[in-house]
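After this come two complexes, each holding chain A, first together with chain B and then together with chain C.
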Partner chain A sequence: MKTNRSNRRALSWRALSWRALSWRAALLAAAVAGAAFQGGVVLAATKASTADHAKFKELQQGFASGPEVTRACLICHTEAAKQVHKTKHWTWEFLNPENGQKLGKKNVINNFCISIPSNYPFCTSCHVGYGWKDANFDFTAEENVDCLVCHDTTGSYRKLPGLAGHPPYQDTEIPPGSGKFAKAVDLTKVAQKVGKTSRDTCGACHFFGGGGDGVKHGDMDSSLAAPDKALDVHMDATGLDFTCGTCHRTASHDVPGSRYTPVARDTEGAHIPGRQDDSLPATCPACHGQVPHKGGGHAAKLNDHVDVVACQTCHIPQIARGGVATKMSWDWSTAGQMGPDGKPMLKKDEAGRVIYDSKKGDFVLGENVVPEYRWFNGEVTYTLLGDRVDQGEGVTRINRLGGSASDGRSLIWPMKVFVGVQPYDPVNHTLVTPHTAGNDDTAYWKNFGWEKAIKTGMQVSGAPFSGQVDFVRTEMSWPITHMVAPKEDAVRCGECHMKGGRLEKVGGVYIPGRDANPLIDLVGWLMAGGALLGALVHGGLRIVRRNG
Partner chain B sequence: MKSRHLLHMILTAGLLGLSLGAAAYDADWKRGRIYYRSVCTACHAAQAGGSIAPSTMTMAQWESYLKADKHAAGKDSLKKYVGKEYRASIRTQNKAADKFADVPDAELFEDVKAFVIKGAKDGDAPASCS
Partner chain C sequence: MERIYIFKRFERFWHWSQALLIILMMVTGFEIHGSWSLLGYGDASELHTSAAWALIALWLFAIFWHFTTGEWRQYIPTTENLVAMLRYYLSGIFTHAPHPFHPTRLTKHNPLQRLAYLGVKLMINPLIWLSGLAYLYYNEINAAGFGLDLGLVAMLHTIGAFLMLAFLVVHVYVITTGDTWSSQLKAMITGWEEIEDPQEGVKP
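Moving on, here comes the complex of A and B:
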């Protein structure tokens, strides 16, 4: 019995154990299955990074300011700030080795918002640093480097005009008095989620150059944050999904692709990974080589064009194609008009876009703009502060692009040509650097007085000002290289090979179709017709004589 | 009775696991943006008389709308239009649906949610349709 009882107990325990085990197993399986359903999601969503910054103790704290975050970043990334310090993104200075001009955002004048000096706290919202509020900014301080503006992946990090490169540390009304508030940035959240740069991070500044979305470039605006194939074949978010860094391949934080010394004609072949020279200039041939169209016949004929025409000329048929208008002209001379209530006013077009602003003057906007075309060899010369400007000499070119049909270095490039009317000193014959942004007594956007604004701005620039103000017509050319359309949408042959076509104003080259001479055409047709007639007569006579 | 108890416990454990997993999922707002614009906006613009920008509603309104899971004034489920079955049905004409054809439903729904919450009127970055 005992044996039986103990056997039964043993059996019962065994059964219980199995039952308990099976319960536990089932519970565990269910829990694991539940987690796996979502856990699989977690794994699937994991990016290629080998580091989860949220796990770093240095970043598991509250941060009161951007520099505090940078100090934490530099504990591991010891060389990062030193590298950034050497780049144009940091110095905003560039010495053009070809002509010795001292350029960079800090030095050039343009015909959009004009210039940086005396407007630092506003313009430096696009500087990769913290605290550049005046000419005394410390360019040697490592903690002044802003890591987050390029490495944010949350999309919540932003720097506001007027804060000298800082993000808002508390909810901030912008513009002041508008009732609209920008939220304080959660620095800990952003720091724990840093990652590679993206179209969003680069675009946070480059899409908004000139003071607004799409204003400056025409081929760069917020529509490129997640574009479709029709807008850009390379950045197509559902296709190749290139980031800016795919072409502007960065080393030691230095981003290639210069507006001051661009590569207008890349004569090298495709750059193959693994070769000793691992450079990758941000040019089309760097990937597509010198024979980009594959096949014979029509493709071969297209390849015949690559030593004359930049790829962009055919493959970017229009700019501002993503639904965001670009500014085509800006007339500062009409600024300062007030509304019926005596206050600054805005005028908008039928699409709701601002075409007049009391602070800035009149604008002309454009969408789906056909570029202008010019020979370009990569040489850019700027009209800088102190260079002579004369109203009577017609349009002042803010930047003069070198190039001709005969120099062997030029290609025909598409350009956005931006026209401005901006203040200048008619006595000293120079462009001027007005103090526009600010809440002080001399800021133009506060008091609408050019003399006071220019006096302040020129003092900060260290340049003489006569006290007199007039306006001069200016022009600035922007070579176009983004918004590459699908090949089906490329410029057709007939759009250039015709009279009055896209290349009508491009000189120094014979373009069949455009340059046809009626007399030469007539002679040619007569010769061809004569040859045909001769052959027919000759053949006919032989037939007749044979029959005879 | 015991088996019912066991079933309840298994279900509870499953849901617990599910919720733990859900809490761990880190939504990809950029993927949500692509799907929202390429699928939701594209269809609304073409067939529903206009698109709905994320910035037209507050974060709370989006939370409530997504939780209710009612599409077309309650005629069908909102989640249906993020589901694999729907994506498979349009993938030949829609590149986003094709690209994300194999993304788990719950994940893509969270992605879209992350985008509209971020782009809401009071979100981190109010977003328009395009």
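Moving on, here comes the complex of A and C:
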């Protein structure tokens, strides 16, 4: 069985789910035989549901569309759509209660694909709904909820860019004119095999944020579909085999964990069933508690760090460790250059990764990237459409993270700091929301004209646009929390306790090995050196005078 | 020429194990401080802490020994011969002048030694130990409500370390100024010191 599982690593993640099924069946059999112990971990037979959806009459029919499937689901799961309607996964909107900012995918601007409003049919291929093609989407329709995208276990369900959240109901050429066809999805089969969410279902969107595998996060990419222990000690497919939902323990379809109001410092103890506990279940202390290192001596000294350093800082030594590169920077200002044939082109690096795309500009990619480190207290403030932006004022922070050594709520966190150069309106001094994707006359990716694309986009956003376009440097910080390495790969003490180490730029804290009072060092060494010199002179004189 | 038994077995054990531990702590301590890199920070830190506990244990025994044997009196400062000793180190030693001090079992240390060792015991050691324990239990102390600044604790500990280093350098040199270059070293190894002209030497 072990060999069988190791082989999974070699498979591409999309192909995985098929294998995973037969593999789970094998597991179940083993569990029944009482042989499901491996490395002290009970590989649960709990994956077996009490319901076989293939036996439900409601699902034994042909479905012409996603919403038809949803109507069938809702016959039994009467409250499911109402629950989903309340979540960020559905609304793409979030009101930050701390600073009143209106956030959510619908509203924020980033320095990857920039913004959503004029590009709905493409962006909403990652929406948990059907048919969000423009601002008139009906958020109250229960049948518009897409159950399958999260609950598919077959790996065959796929939503395509441009279809506004629908999967292909016929074989569809994607992208149009490419000669590559995506097969029509077999809705009946998918519906009859629904199950719990998995790394594959969450990953179908979250691994591909920013427009491609690993682009956005750095700590989330397709290598986490079936990671080994070195890549993620919890998700290790042949070990603990956590799914996303193991930590993001979800109730009523509301998935805990947020990039808008993250918990930077969880001061609660480990969660224990039966005890009143309202804190977030997705933090490290939620399981490991506030005294995570067991034992005295060295372990105790490590535990002394928990009020200063986030677990992630030591336990995620690098990001993008699974063989998938993450984007470190994106320069939109160089987009629009055509190849020798006058057509849009791609440039690739030696590893075959795209580093220039006429539609998007230049990229810098990184693997095994050492994160940057900052104090972080969980407060995130976005630069939103309408907020003042000026080229002359240095780098614009897409999101500003709160935190300091002294506020009592911050820890030192690892960050992927993503650098962008993106269009802005130099007259109105605002970021802009270009219309990038589409088959119309203004979409940038078809027409390669910024003015038209931004005019259309800003109209949809309801924001003024002067007609002038310039580019501004931007920066976005992504707190890192996935790809937790085994403890033997954790960051060594001396990587921070040194001059010029990982935490060189983190202020407000005395770090032994990095910090010292230079005056005391100078006086101290002069004193010791002076004593030595005095001894040498005195001893030398004794030798000379006594022997002489 | 006469031999007197100056340093008893425990005293010698205490001295040499203390010397070893202090040198070990110098090496690891200055690595923790960032002055050099030998073992790696983590190992240096662990070794430094273990050595600290060993030294604390040794010290508890030594303090007990000093008080039960009355040896603590060896460190009572005196001005007798103090000026003579200073004059000897500054000039007499270069001209074969007779040593103004001759150790006995009741007064092992010359007046300068008494002052130096008393200084170590009453100033440098307490500074190092208090700041070191504060360094070690910084989190617990602050959890108990004290607003201790780690930078300040580290600074005091570093001052203590430099004072100890200076003492060590001077000490290692000054023990060559006995009747012969090595008579004091030999005494600390064997317990016996050879005296050229004993005045009140008492046989063991």
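To be clear about the criterion, the second predicted complex is superposed on the first by the 465 of 548 C-alpha atoms of A that agree within 3 Å, B and C clash if a C-alpha of one lies under 4 Å from a C-alpha of the other, contacts with A are read in each partner's own complex, and residues count from 1 in each chain.
By definition in this document, a contact is a pair of C-beta atoms (placed from the backbone, for glycine too) under 8 Å apart; a residue touches a chain by one contact, two chains touch by 3 or more.
The shown structure was predicted, so the numbers you read here are calculated from the model rather than taken from an experiment.
Contacts of A:Asp349 after superposition on the shared chain: neither chain B nor chain C is touched. Within the superposed three-chain model, A:Gly239 lies in touch with chain B and out of touch with chain C [touch as defined at top]. By the touch criterion defined above, A:Asp134 reaches neither chain B nor chain C. After overlaying the two complexes on the shared chain, residue contacts for A:Glu504 are found with neither chain B nor chain C. Contacts of A:Arg546 after superposition: chain C is touched, whereas chain B is not reached.
Against chain A, in their complex, chain B makes its touches with residues 6, 9-11, 13-22, 24-30, 33-34, 37-38, 95-96, 98-99, 103-104, 106-107, 110, 118, 124-125, 130. Chain C contributes residues 31-35, 37, 40-42, 45-46, 49-50, 89, 93-96, 138-139, 149-151, 154-155, 158-159, 161-163, 165-166, 169-170, 172-174, 176-177 to its touches with chain A in the complex. Residues 297-298, 301, 304, 307, 492-494, 497-499, 509-510, 512-517, 520-521, 523-525, 527-528, 530-532, 534-535, 538-539, 541-542, 545-546 of chain A are the ones touching chain C in the complex. On chain A, the positions that touch chain B within their shared complex are 23, 26-28, 30-42, 44-45, 154-156, 158, 183, 198, 200, 223, 225-226, 228-229, 237-239, 322-323.
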